[in-house]
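Heads up, the next two complexes both have chain A, just with different partners, chain B and then chain C.
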Partner chain A sequence: MDVTLTYYGKLVEVVGKSKEVLDVEAITIQELVIWLENEYPDLKKLSLKIAQNNTIGELEDEITSKNIDIFPPFSGG
Partner chain B sequence: MKKSIKNIFVEGAITPEKIAQSIAAHQSKTGIGAHDIFLGQVRADEIEGKIVQAIEFTAQIEMANQICHDIKEHTFERHPIHCMHIYHSIGKVKAGEICIFVFVSAAHRTTVFNALQEVVNEIKANVPIFGKELFEDETHQWKENK
Partner chain C sequence: MKRYSRHITLSEVGLIGQLKIAESKVLVIGAGGLGAPLLLYLNAAGVGTIGIVDFDTVSLSNLQRQVLFREQDLDLNKADIAKELLSARNSELNIKSYPVALTTSNALEIIKPYDIVVDCTDNFRTRYLINDACIKLNKPFVFAAIYKFEGQLSVFNYAGGPTYRCLFPTPPKAGEVPNCEEAGVMGVLPGILGTYQANEVLKMILNLGEVLSGKLVSINLLTNQQNSFQFRRNESLVKQVIEEDLSYIELNDCNINA
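Then we have the complex of A and B:
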(Lines of atoms letter the chains of each structure in order from A and count residues from 1; the text may use other names and numbers.)
(Lines give C-alpha, C1' and ligand atoms only; values in the text may rest on other atoms or scores of the structure.)
Protein backbone atom coordinates (compact mmCIF):
# COMPACT_ATOMS: atom_id res chain seq x y z
CA MET A 1 0.00 0.00 0.00
CA ASP A 2 1.35 3.41 -0.96
CA VAL A 3 1.25 5.75 2.02
CA THR A 4 1.89 9.49 1.73
CA LEU A 5 3.88 10.89 4.63
CA THR A 6 3.41 14.62 5.25
CA TYR A 7 5.96 16.44 7.38
CA TYR A 8 5.16 19.57 9.38
CA GLY A 9 7.00 22.51 10.95
CA LYS A 10 10.65 21.92 11.69
CA LEU A 11 10.51 18.41 10.20
CA VAL A 12 10.27 19.82 6.67
CA GLU A 13 13.78 21.22 7.17
CA VAL A 14 15.14 18.18 8.99
CA VAL A 15 14.10 15.70 6.28
CA GLY A 16 14.43 18.20 3.40
CA LYS A 17 10.94 17.66 1.96
CA SER A 18 7.31 18.19 2.93
CA LYS A 19 5.92 14.90 1.55
CA GLU A 20 7.04 11.49 0.39
CA VAL A 21 5.37 8.24 -0.65
CA LEU A 22 6.33 4.99 1.03
CA ASP A 23 5.21 1.49 -0.01
CA VAL A 24 4.42 -0.41 3.20
CA GLU A 25 2.54 -3.56 4.19
CA ALA A 26 0.95 -4.03 7.62
CA ILE A 27 3.32 -1.93 9.66
CA THR A 28 2.73 -0.26 13.02
CA ILE A 29 3.40 3.34 13.93
CA GLN A 30 6.39 2.15 15.95
CA GLU A 31 7.85 0.44 12.86
CA LEU A 32 7.31 3.63 10.88
CA VAL A 33 9.15 5.64 13.56
CA ILE A 34 12.06 3.18 13.39
CA TRP A 35 12.15 3.56 9.59
CA LEU A 36 12.06 7.37 9.88
CA GLU A 37 14.84 7.50 12.46
CA ASN A 38 16.95 5.17 10.37
CA GLU A 39 16.38 7.20 7.21
CA TYR A 40 16.79 10.59 8.93
CA PRO A 41 18.99 10.16 12.05
CA ASP A 42 18.41 13.80 13.09
CA LEU A 43 14.79 12.89 13.86
CA LYS A 44 15.99 10.87 16.88
CA LYS A 45 16.50 14.14 18.78
CA LEU A 46 12.86 15.11 18.32
CA SER A 47 9.77 13.77 19.97
CA LEU A 48 7.62 12.78 16.98
CA LYS A 49 3.85 12.47 16.92
CA ILE A 50 2.21 10.43 14.17
CA ALA A 51 -1.40 10.92 13.10
CA GLN A 52 -3.74 9.06 10.76
CA ASN A 53 -7.32 10.14 10.06
CA ASN A 54 -6.65 13.34 12.01
CA THR A 55 -5.95 11.43 15.23
CA ILE A 56 -2.62 10.96 17.00
CA GLY A 57 -1.83 7.25 17.02
CA GLU A 58 -0.33 4.95 19.63
CA LEU A 59 2.94 3.17 18.82
CA GLU A 60 1.24 -0.24 18.55
CA ASP A 61 -1.46 0.99 16.13
CA GLU A 62 -1.33 -0.46 12.63
CA ILE A 63 -1.15 2.00 9.76
CA THR A 64 -4.42 1.78 7.85
CA SER A 65 -4.70 5.24 6.30
CA LYS A 66 -3.03 6.24 3.04
CA ASN A 67 -2.21 9.65 4.52
CA ILE A 68 0.02 9.92 7.54
CA ASP A 69 0.95 13.18 9.25
CA ILE A 70 4.29 13.42 11.03
CA PHE A 71 4.60 16.20 13.59
CA PRO A 72 7.36 17.70 15.72
CA PRO A 73 6.28 19.04 19.15
CA PHE A 74 3.35 21.46 18.80
CA SER A 75 4.02 25.16 19.33
CA GLY A 76 0.78 27.04 18.79
CA GLY A 77 -0.51 29.85 20.97
CA MET B 1 -27.86 18.49 17.59
CA LYS B 2 -24.27 17.97 16.50
CA LYS B 3 -22.45 21.27 16.09
CA SER B 4 -20.53 21.82 12.86
CA ILE B 5 -16.75 22.09 12.93
CA LYS B 6 -15.68 25.74 12.79
CA ASN B 7 -12.53 27.13 11.26
CA ILE B 8 -10.45 28.61 14.07
CA PHE B 9 -7.86 30.15 11.74
CA VAL B 10 -7.47 33.83 10.96
CA GLU B 11 -4.97 34.94 8.28
CA GLY B 12 -2.31 37.08 9.99
CA ALA B 13 -2.80 38.91 13.30
CA ILE B 14 -6.07 38.91 15.25
CA THR B 15 -7.08 42.56 15.38
CA PRO B 16 -8.31 44.46 18.46
CA GLU B 17 -11.42 45.30 16.35
CA LYS B 18 -12.25 41.61 15.95
CA ILE B 19 -11.95 41.12 19.71
CA ALA B 20 -14.19 44.17 20.39
CA GLN B 21 -16.78 42.94 17.88
CA SER B 22 -16.77 39.52 19.49
CA ILE B 23 -17.48 41.06 22.92
CA ALA B 24 -20.24 43.25 21.45
CA ALA B 25 -21.88 40.21 19.83
CA HIS B 26 -22.57 38.81 23.33
CA GLN B 27 -24.61 41.79 24.58
CA SER B 28 -27.85 40.12 23.51
CA LYS B 29 -27.02 36.99 25.56
CA THR B 30 -28.20 38.33 28.90
CA GLY B 31 -27.91 35.02 30.77
CA ILE B 32 -24.16 35.61 30.70
CA GLY B 33 -22.69 37.32 33.75
CA ALA B 34 -18.98 36.70 33.20
CA HIS B 35 -16.57 36.60 30.27
CA ASP B 36 -12.93 35.58 30.44
CA ILE B 37 -10.54 36.15 27.56
CA PHE B 38 -7.05 34.88 26.83
CA LEU B 39 -4.98 36.81 24.30
CA GLY B 40 -1.58 35.53 23.26
CA GLN B 41 0.81 38.17 21.92
CA VAL B 42 4.00 37.60 19.92
CA ARG B 43 7.02 38.45 22.08
CA ALA B 44 10.12 40.12 20.68
CA ASP B 45 12.41 37.62 22.43
CA GLU B 46 16.16 38.09 22.16
CA ILE B 47 17.89 34.84 21.20
CA GLU B 48 21.68 34.84 20.86
CA GLY B 49 21.70 38.59 20.20
CA LYS B 50 18.91 38.49 17.59
CA ILE B 51 15.41 39.85 18.17
CA VAL B 52 12.28 37.97 17.07
CA GLN B 53 10.43 40.15 14.55
CA ALA B 54 7.47 37.90 13.86
CA ILE B 55 6.18 34.34 14.12
CA GLU B 56 4.99 32.49 11.05
CA PHE B 57 2.37 29.86 11.94
CA THR B 58 1.59 26.73 9.93
CA ALA B 59 -0.77 23.92 10.91
CA GLN B 60 -2.48 20.71 9.95
CA ILE B 61 -5.61 22.77 9.56
CA GLU B 62 -8.26 20.06 9.29
CA MET B 63 -6.95 18.23 12.35
CA ALA B 64 -6.46 21.47 14.32
CA ASN B 65 -10.09 22.44 13.67
CA GLN B 66 -11.29 18.95 14.64
CA ILE B 67 -9.29 18.99 17.90
CA CYS B 68 -10.53 22.48 18.84
CA HIS B 69 -14.07 21.26 18.18
CA ASP B 70 -13.45 18.30 20.54
CA ILE B 71 -11.93 20.61 23.18
CA LYS B 72 -15.08 22.75 23.00
CA GLU B 73 -17.37 19.73 23.37
CA HIS B 74 -15.42 18.47 26.41
CA THR B 75 -15.45 21.92 27.97
CA PHE B 76 -19.22 22.20 27.59
CA GLU B 77 -19.56 18.77 29.25
CA ARG B 78 -17.32 19.70 32.19
CA HIS B 79 -18.32 23.32 32.88
CA PRO B 80 -21.69 25.17 32.79
CA ILE B 81 -20.48 27.65 30.17
CA HIS B 82 -22.82 29.49 27.80
CA CYS B 83 -20.44 29.91 24.89
CA MET B 84 -16.87 29.63 23.81
CA HIS B 85 -14.77 30.77 20.85
CA ILE B 86 -11.24 29.91 19.74
CA TYR B 87 -9.28 31.85 17.10
CA HIS B 88 -5.66 31.28 16.11
CA SER B 89 -3.52 33.01 13.52
CA ILE B 90 -2.12 31.30 10.45
CA GLY B 91 0.71 32.93 8.48
CA LYS B 92 2.84 35.79 9.74
CA VAL B 93 2.15 37.74 12.95
CA LYS B 94 4.50 40.57 13.98
CA ALA B 95 5.88 41.08 17.51
CA GLY B 96 3.30 42.91 19.61
CA GLU B 97 0.35 41.53 17.64
CA ILE B 98 -2.21 38.99 18.87
CA CYS B 99 -1.96 35.40 17.58
CA ILE B 100 -4.50 33.55 19.76
CA PHE B 101 -7.86 34.65 21.16
CA VAL B 102 -9.90 32.36 23.43
CA PHE B 103 -13.20 33.65 24.77
CA VAL B 104 -15.33 31.83 27.36
CA SER B 105 -18.66 33.04 28.79
CA ALA B 106 -20.87 31.78 31.62
CA ALA B 107 -23.25 32.99 34.32
CA HIS B 108 -20.51 33.30 36.97
CA ARG B 109 -16.82 34.14 37.17
CA THR B 110 -15.47 30.95 38.76
CA THR B 111 -16.80 28.92 35.83
CA VAL B 112 -15.01 31.00 33.21
CA PHE B 113 -11.76 31.27 35.18
CA ASN B 114 -11.54 27.48 35.47
CA ALA B 115 -12.70 26.67 31.95
CA LEU B 116 -10.44 29.18 30.20
CA GLN B 117 -7.26 27.92 31.85
CA GLU B 118 -8.07 24.33 30.87
CA VAL B 119 -8.90 25.26 27.30
CA VAL B 120 -5.73 27.29 26.69
CA ASN B 121 -3.56 24.52 28.16
CA GLU B 122 -5.28 21.93 25.95
CA ILE B 123 -4.80 24.03 22.83
CA LYS B 124 -1.09 24.46 23.56
CA ALA B 125 -0.63 20.73 24.21
CA ASN B 126 -2.85 19.08 21.60
CA VAL B 127 -3.40 21.25 18.53
CA PRO B 128 -1.01 20.69 15.58
CA ILE B 129 0.16 24.26 15.05
CA PHE B 130 3.82 25.17 14.48
CA GLY B 131 5.46 28.55 15.04
CA LYS B 132 8.58 29.71 13.22
CA GLU B 133 10.29 32.67 14.90
CA LEU B 134 11.65 35.04 12.28
CA PHE B 135 14.64 37.32 12.89
CA GLU B 136 15.54 40.58 11.15
CA ASP B 137 18.43 38.99 9.22
CA GLU B 138 15.98 36.49 7.62
CA THR B 139 17.20 33.59 9.74
CA HIS B 140 14.72 31.73 11.94
CA GLN B 141 14.28 29.20 14.70
CA TRP B 142 11.34 26.96 15.54
CA LYS B 143 9.27 28.02 18.52
CA GLU B 144 9.03 25.65 21.48
CA ASN B 145 6.19 25.85 23.97
CA LYS B 146 7.24 26.17 27.62
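Then we have the complex of A and C:
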Protein backbone atom coordinates (compact mmCIF):
# COMPACT_ATOMS: atom_id res chain seq x y z
CA MET A 1 0.00 0.00 0.00
CA ASP A 2 1.34 3.44 -0.93
CA VAL A 3 1.30 5.79 2.04
CA THR A 4 2.00 9.53 1.73
CA LEU A 5 3.99 11.01 4.60
CA THR A 6 3.54 14.77 5.12
CA TYR A 7 6.08 16.60 7.26
CA TYR A 8 5.49 19.85 9.17
CA GLY A 9 7.58 22.66 10.63
CA LYS A 10 11.26 22.01 11.20
CA LEU A 11 10.83 18.36 10.13
CA VAL A 12 10.62 19.53 6.50
CA GLU A 13 14.17 20.89 6.82
CA VAL A 14 15.44 17.83 8.70
CA VAL A 15 14.20 15.31 6.11
CA GLY A 16 14.72 17.68 3.17
CA LYS A 17 11.19 17.36 1.75
CA SER A 18 7.59 18.15 2.71
CA LYS A 19 6.08 14.89 1.40
CA GLU A 20 7.15 11.40 0.35
CA VAL A 21 5.44 8.16 -0.65
CA LEU A 22 6.31 4.88 1.07
CA ASP A 23 5.21 1.42 -0.02
CA VAL A 24 4.42 -0.45 3.21
CA GLU A 25 2.53 -3.59 4.25
CA ALA A 26 0.97 -4.05 7.69
CA ILE A 27 3.28 -1.87 9.75
CA THR A 28 2.56 -0.08 13.01
CA ILE A 29 3.19 3.57 13.91
CA GLN A 30 6.10 2.32 16.06
CA GLU A 31 7.64 0.56 13.06
CA LEU A 32 7.22 3.73 11.02
CA VAL A 33 9.09 5.67 13.73
CA ILE A 34 11.95 3.13 13.53
CA TRP A 35 12.03 3.47 9.74
CA LEU A 36 12.06 7.30 10.03
CA GLU A 37 14.89 7.27 12.57
CA ASN A 38 16.98 4.95 10.39
CA GLU A 39 16.35 6.98 7.27
CA TYR A 40 16.83 10.36 8.98
CA PRO A 41 19.05 9.92 12.08
CA ASP A 42 18.60 13.62 12.99
CA LEU A 43 14.90 12.87 13.74
CA LYS A 44 15.97 10.80 16.77
CA LYS A 45 16.68 13.97 18.73
CA LEU A 46 13.31 15.58 17.97
CA SER A 47 9.85 15.41 19.55
CA LEU A 48 7.23 14.50 16.99
CA LYS A 49 3.65 13.27 16.70
CA ILE A 50 2.21 11.00 14.04
CA ALA A 51 -1.42 11.17 12.93
CA GLN A 52 -3.39 8.98 10.54
CA ASN A 53 -6.94 9.76 9.43
CA ASN A 54 -6.44 13.10 11.20
CA THR A 55 -6.18 11.28 14.53
CA ILE A 56 -3.19 10.86 16.82
CA GLY A 57 -3.29 7.24 17.92
CA GLU A 58 -1.10 4.83 19.84
CA LEU A 59 2.34 3.57 18.78
CA GLU A 60 1.03 0.02 18.44
CA ASP A 61 -1.74 1.04 15.99
CA GLU A 62 -1.41 -0.47 12.54
CA ILE A 63 -1.22 2.00 9.67
CA THR A 64 -4.41 1.74 7.62
CA SER A 65 -4.60 5.25 6.19
CA LYS A 66 -2.95 6.36 2.96
CA ASN A 67 -2.14 9.73 4.52
CA ILE A 68 0.17 10.13 7.49
CA ASP A 69 1.01 13.50 9.06
CA ILE A 70 4.19 13.94 11.10
CA PHE A 71 4.64 17.14 13.10
CA PRO A 72 6.79 18.61 15.88
CA PRO A 73 5.76 21.07 18.61
CA PHE A 74 6.18 24.76 17.68
CA SER A 75 7.41 27.30 20.20
CA GLY A 76 7.18 30.72 18.52
CA GLY A 77 4.71 33.37 19.53
CA MET B 1 -23.74 49.58 24.21
CA LYS B 2 -23.96 51.49 20.93
CA ARG B 3 -20.35 50.68 20.10
CA TYR B 4 -21.24 46.96 20.24
CA SER B 5 -24.37 47.28 18.08
CA ARG B 6 -22.93 45.06 15.30
CA HIS B 7 -22.46 42.28 17.87
CA ILE B 8 -25.87 42.83 19.43
CA THR B 9 -27.54 42.67 16.02
CA LEU B 10 -26.23 39.12 15.63
CA SER B 11 -29.00 36.89 16.96
CA GLU B 12 -26.27 34.49 18.17
CA VAL B 13 -24.83 37.23 20.41
CA GLY B 14 -27.53 39.75 21.28
CA LEU B 15 -27.58 41.98 24.34
CA ILE B 16 -27.22 39.01 26.68
CA GLY B 17 -24.14 37.80 24.80
CA GLN B 18 -22.60 41.24 24.88
CA LEU B 19 -23.16 41.39 28.64
CA LYS B 20 -21.43 38.01 28.96
CA ILE B 21 -18.43 39.47 27.11
CA ALA B 22 -18.47 42.49 29.45
CA GLU B 23 -18.48 40.22 32.50
CA SER B 24 -15.67 37.97 31.27
CA LYS B 25 -12.11 37.99 32.59
CA VAL B 26 -9.38 36.94 30.18
CA LEU B 27 -5.65 36.67 30.96
CA VAL B 28 -3.26 37.07 28.02
CA ILE B 29 0.23 35.73 28.70
CA GLY B 30 2.70 37.25 26.23
CA ALA B 31 2.04 40.58 24.48
CA GLY B 32 4.05 39.78 21.35
CA GLY B 33 3.15 38.62 17.85
CA LEU B 34 0.16 36.50 18.92
CA GLY B 35 -0.82 38.80 21.79
CA ALA B 36 -0.99 42.00 19.72
CA PRO B 37 -3.96 41.12 17.44
CA LEU B 38 -5.60 39.08 20.20
CA LEU B 39 -5.53 42.01 22.62
CA LEU B 40 -6.82 44.44 19.98
CA TYR B 41 -9.81 42.21 19.19
CA LEU B 42 -10.65 41.28 22.79
CA ASN B 43 -10.47 44.96 23.71
CA ALA B 44 -12.60 46.01 20.73
CA ALA B 45 -15.13 43.26 21.55
CA GLY B 46 -15.58 44.66 25.05
CA VAL B 47 -14.04 41.92 27.21
CA GLY B 48 -14.64 43.45 30.64
CA THR B 49 -11.41 42.49 32.34
CA ILE B 50 -8.18 41.81 30.46
CA GLY B 51 -4.94 40.90 32.22
CA ILE B 52 -1.67 41.20 30.29
CA VAL B 53 1.50 39.41 31.43
CA ASP B 54 4.84 40.28 29.82
CA PHE B 55 8.24 41.01 31.37
CA ASP B 56 9.83 42.10 28.09
CA THR B 57 10.29 45.51 26.44
CA VAL B 58 9.43 46.56 22.88
CA SER B 59 12.38 46.29 20.48
CA LEU B 60 12.72 47.49 16.89
CA SER B 61 12.60 43.96 15.41
CA ASN B 62 9.24 43.38 17.16
CA LEU B 63 7.47 46.03 15.06
CA GLN B 64 7.49 43.82 11.91
CA ARG B 65 4.65 41.74 13.46
CA GLN B 66 3.67 43.07 16.90
CA VAL B 67 1.18 45.52 15.41
CA LEU B 68 -0.01 46.94 18.71
CA PHE B 69 3.22 48.87 19.26
CA ARG B 70 4.58 52.12 17.77
CA GLU B 71 8.11 53.46 17.35
CA GLN B 72 7.62 55.67 20.38
CA ASP B 73 7.02 52.55 22.50
CA LEU B 74 10.57 51.19 22.01
CA ASP B 75 12.20 50.06 25.26
CA LEU B 76 8.93 50.32 27.24
CA ASN B 77 7.48 47.29 29.02
CA LYS B 78 5.06 45.47 26.69
CA ALA B 79 2.37 44.78 29.32
CA ASP B 80 2.36 48.36 30.60
CA ILE B 81 2.31 50.01 27.17
CA ALA B 82 -0.30 47.51 25.88
CA LYS B 83 -2.54 48.49 28.81
CA GLU B 84 -2.13 52.18 27.95
CA LEU B 85 -2.79 51.66 24.22
CA LEU B 86 -5.85 49.49 24.83
CA SER B 87 -7.31 51.92 27.40
CA ALA B 88 -7.08 54.69 24.81
CA ARG B 89 -9.08 52.55 22.38
CA ASN B 90 -11.72 51.39 24.86
CA SER B 91 -11.74 53.37 28.09
CA GLU B 92 -14.67 51.47 29.67
CA LEU B 93 -12.75 48.28 30.34
CA ASN B 94 -10.71 47.07 33.28
CA ILE B 95 -7.20 46.33 32.03
CA LYS B 96 -4.48 45.11 34.34
CA SER B 97 -0.79 44.81 33.45
CA TYR B 98 1.67 42.38 35.03
CA PRO B 99 5.14 43.53 33.92
CA VAL B 100 6.76 40.34 35.24
CA ALA B 101 7.76 36.90 34.00
CA LEU B 102 5.31 34.10 34.77
CA THR B 103 7.11 31.76 37.17
CA THR B 104 6.30 28.72 39.29
CA SER B 105 5.96 31.03 42.31
CA ASN B 106 3.52 33.60 40.82
CA ALA B 107 1.60 31.62 38.14
CA LEU B 108 -1.25 30.32 40.32
CA GLU B 109 -1.83 33.70 41.96
CA ILE B 110 -1.85 35.60 38.64
CA ILE B 111 -4.08 33.12 36.78
CA LYS B 112 -6.59 32.44 39.58
CA PRO B 113 -8.93 35.48 39.14
CA TYR B 114 -9.45 34.87 35.39
CA ASP B 115 -12.01 32.71 33.50
CA ILE B 116 -9.95 32.03 30.38
CA VAL B 117 -6.17 32.05 29.81
CA VAL B 118 -4.55 32.67 26.44
CA ASP B 119 -1.06 31.32 25.80
CA CYS B 120 0.75 33.80 23.54
CA THR B 121 4.25 32.98 24.79
CA ASP B 122 7.32 32.16 22.72
CA ASN B 123 9.00 29.45 24.80
CA PHE B 124 8.26 25.94 26.02
CA ARG B 125 9.09 26.61 29.64
CA THR B 126 6.23 29.10 30.00
CA ARG B 127 3.86 27.04 27.81
CA TYR B 128 4.25 24.00 30.10
CA LEU B 129 3.93 26.21 33.17
CA ILE B 130 0.66 27.70 31.84
CA ASN B 131 -0.59 24.19 31.03
CA ASP B 132 0.19 22.86 34.50
CA ALA B 133 -1.14 25.91 36.36
CA CYS B 134 -4.37 25.79 34.32
CA ILE B 135 -4.79 22.08 35.15
CA LYS B 136 -4.37 22.85 38.86
CA LEU B 137 -6.83 25.76 38.75
CA ASN B 138 -9.20 24.03 36.30
CA LYS B 139 -9.04 26.88 33.76
CA PRO B 140 -9.32 26.46 29.99
CA PHE B 141 -6.52 27.94 27.91
CA VAL B 142 -6.32 28.89 24.26
CA PHE B 143 -3.03 27.84 22.66
CA ALA B 144 -1.25 28.96 19.52
CA ALA B 145 2.36 28.54 18.42
CA ILE B 146 4.13 29.45 15.22
CA TYR B 147 7.09 28.42 13.06
CA LYS B 148 8.15 30.42 9.99
CA PHE B 149 4.96 30.10 7.81
CA GLU B 150 3.08 27.50 9.90
CA GLY B 151 0.93 27.67 13.01
CA GLN B 152 -0.68 25.35 15.55
CA LEU B 153 -3.90 26.16 17.38
CA SER B 154 -5.96 24.40 20.07
CA VAL B 155 -8.02 24.93 23.21
CA PHE B 156 -6.71 22.92 26.16
CA ASN B 157 -8.28 21.80 29.43
CA TYR B 158 -11.73 22.91 28.27
CA ALA B 159 -14.66 21.11 29.91
CA GLY B 160 -12.55 18.04 30.77
CA GLY B 161 -10.82 18.03 27.38
CA PRO B 162 -7.16 17.19 26.76
CA THR B 163 -4.21 19.42 27.72
CA TYR B 164 -0.94 20.34 26.02
CA ARG B 165 0.86 17.57 27.91
CA CYS B 166 -1.66 15.05 26.52
CA LEU B 167 -0.26 15.99 23.09
CA PHE B 168 3.42 16.51 23.94
CA PRO B 169 4.01 15.03 27.43
CA THR B 170 7.40 16.65 28.12
CA PRO B 171 9.14 19.79 26.84
CA PRO B 172 11.61 19.39 23.98
CA LYS B 173 15.28 19.71 24.82
CA ALA B 174 17.00 23.12 24.68
CA GLY B 175 17.72 24.19 21.11
CA GLU B 176 15.54 21.44 19.58
CA VAL B 177 12.83 23.78 18.33
CA PRO B 178 13.91 27.24 17.13
CA ASN B 179 11.89 30.31 18.16
CA CYS B 180 11.04 33.29 15.92
CA GLU B 181 14.31 35.02 16.74
CA GLU B 182 16.34 32.03 15.58
CA ALA B 183 14.20 30.82 12.68
CA GLY B 184 12.58 34.03 11.40
CA VAL B 185 8.82 34.39 10.98
CA MET B 186 6.41 35.81 8.41
CA GLY B 187 4.88 38.86 10.11
CA VAL B 188 1.25 38.08 9.26
CA LEU B 189 1.50 34.54 10.71
CA PRO B 190 1.05 35.49 14.39
CA GLY B 191 -1.57 38.00 13.21
CA ILE B 192 -3.68 35.18 11.79
CA LEU B 193 -3.11 32.76 14.69
CA GLY B 194 -3.69 35.43 17.36
CA THR B 195 -6.94 36.38 15.65
CA TYR B 196 -8.01 32.71 15.68
CA GLN B 197 -7.24 32.67 19.42
CA ALA B 198 -9.48 35.72 19.94
CA ASN B 199 -12.24 33.91 18.03
CA GLU B 200 -11.98 30.84 20.29
CA VAL B 201 -12.06 33.07 23.42
CA LEU B 202 -15.25 34.76 22.23
CA LYS B 203 -16.86 31.42 21.24
CA MET B 204 -16.17 30.11 24.76
CA ILE B 205 -17.62 33.22 26.40
CA LEU B 206 -20.70 33.15 24.17
CA ASN B 207 -21.05 29.36 24.10
CA LEU B 208 -21.12 29.54 20.30
CA GLY B 209 -20.27 26.89 17.74
CA GLU B 210 -17.70 24.21 18.43
CA VAL B 211 -14.77 25.11 20.69
CA LEU B 212 -11.46 23.73 19.37
CA SER B 213 -11.00 21.21 22.19
CA GLY B 214 -9.44 17.78 21.59
CA LYS B 215 -8.11 18.86 18.21
CA LEU B 216 -4.91 20.53 17.08
CA VAL B 217 -5.37 22.66 13.97
CA SER B 218 -2.30 23.09 11.80
CA ILE B 219 -2.23 26.03 9.39
CA ASN B 220 0.26 26.52 6.53
CA LEU B 221 0.27 30.00 4.99
CA LEU B 222 2.29 28.95 1.93
CA THR B 223 -0.14 26.24 0.81
CA ASN B 224 -3.28 27.61 2.52
CA GLN B 225 -3.78 24.10 3.87
CA GLN B 226 -5.43 23.52 7.23
CA ASN B 227 -5.41 20.14 8.93
CA SER B 228 -7.01 19.11 12.17
CA PHE B 229 -5.70 16.26 14.33
CA GLN B 230 -7.76 14.67 17.09
CA PHE B 231 -6.15 13.55 20.33
CA ARG B 232 -7.31 12.31 23.72
CA ARG B 233 -6.85 13.34 27.33
CA ASN B 234 -4.17 11.40 29.22
CA GLU B 235 -5.83 11.12 32.63
CA SER B 236 -2.82 9.69 34.49
CA LEU B 237 -0.58 12.50 33.23
CA VAL B 238 -3.12 15.14 34.27
CA LYS B 239 -3.38 13.49 37.69
CA GLN B 240 0.40 13.69 38.16
CA VAL B 241 0.30 17.43 37.39
CA ILE B 242 -2.49 17.93 39.94
CA GLU B 243 -0.52 16.08 42.62
CA GLU B 244 2.94 17.64 42.16
CA ASP B 245 4.19 21.17 42.90
CA LEU B 246 4.76 23.41 39.87
CA SER B 247 8.39 23.94 40.89
CA TYR B 248 8.94 20.18 41.25
CA ILE B 249 7.49 19.55 37.79
CA GLU B 250 9.61 22.26 36.20
CA LEU B 251 12.83 21.06 37.83
CA ASN B 252 12.20 17.48 36.87
CA ASP B 253 11.09 17.69 33.27
CA CYS B 254 12.09 21.09 32.02
CA ASN B 255 15.80 21.31 31.41
CA ILE B 256 15.45 24.11 28.87
CA ASN B 257 16.22 27.80 29.00
CA ALA B 258 13.33 30.19 28.62
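Throughout what follows, the second predicted complex is superposed on the first by the 73 of 77 C-alpha atoms of A that agree within 3 Å, B and C clash if a C-alpha of one lies under 4 Å from a C-alpha of the other, contacts with A are read in each partner's own complex, and residues count from 1 in each chain.
The rule is simple: a contact is a pair of C-beta atoms (placed from the backbone, for glycine too) under 8 Å apart; a residue touches a chain by one contact, two chains touch by 3 or more.
Not measured: the values here are computed from a predicted model.
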item	value
Contacts of A:Y8 with chain B and chain C, given as first, second, both or neither	both
Partner chain in contact with A:S47 - chain B first, chain C second, else both or neither	second
Common interface residues of chain A - those touching chain B in one complex and chain C in the other	8-10, 49, 51, 54-55, 69, 71-77
Interface residues, chain A side, partner chain B - complex	6, 8-10, 49, 51, 54-55, 69, 71-77
Chain A residues within the chain C interface of the complex	8-10, 45-47, 49, 51, 54-56, 69, 71-77
Contacting residues of chain C [partner chain A, same complex]	30, 32-35, 119-124, 127, 144-148, 150-152, 167-168, 170, 172-173, 176-180, 183, 185, 190, 218, 220, 227-231
Residue ranges of chain B touching chain A (in the complex, touch as defined)	40, 57-60, 62-64, 66-67, 88, 99-100, 120, 123-132, 142-145
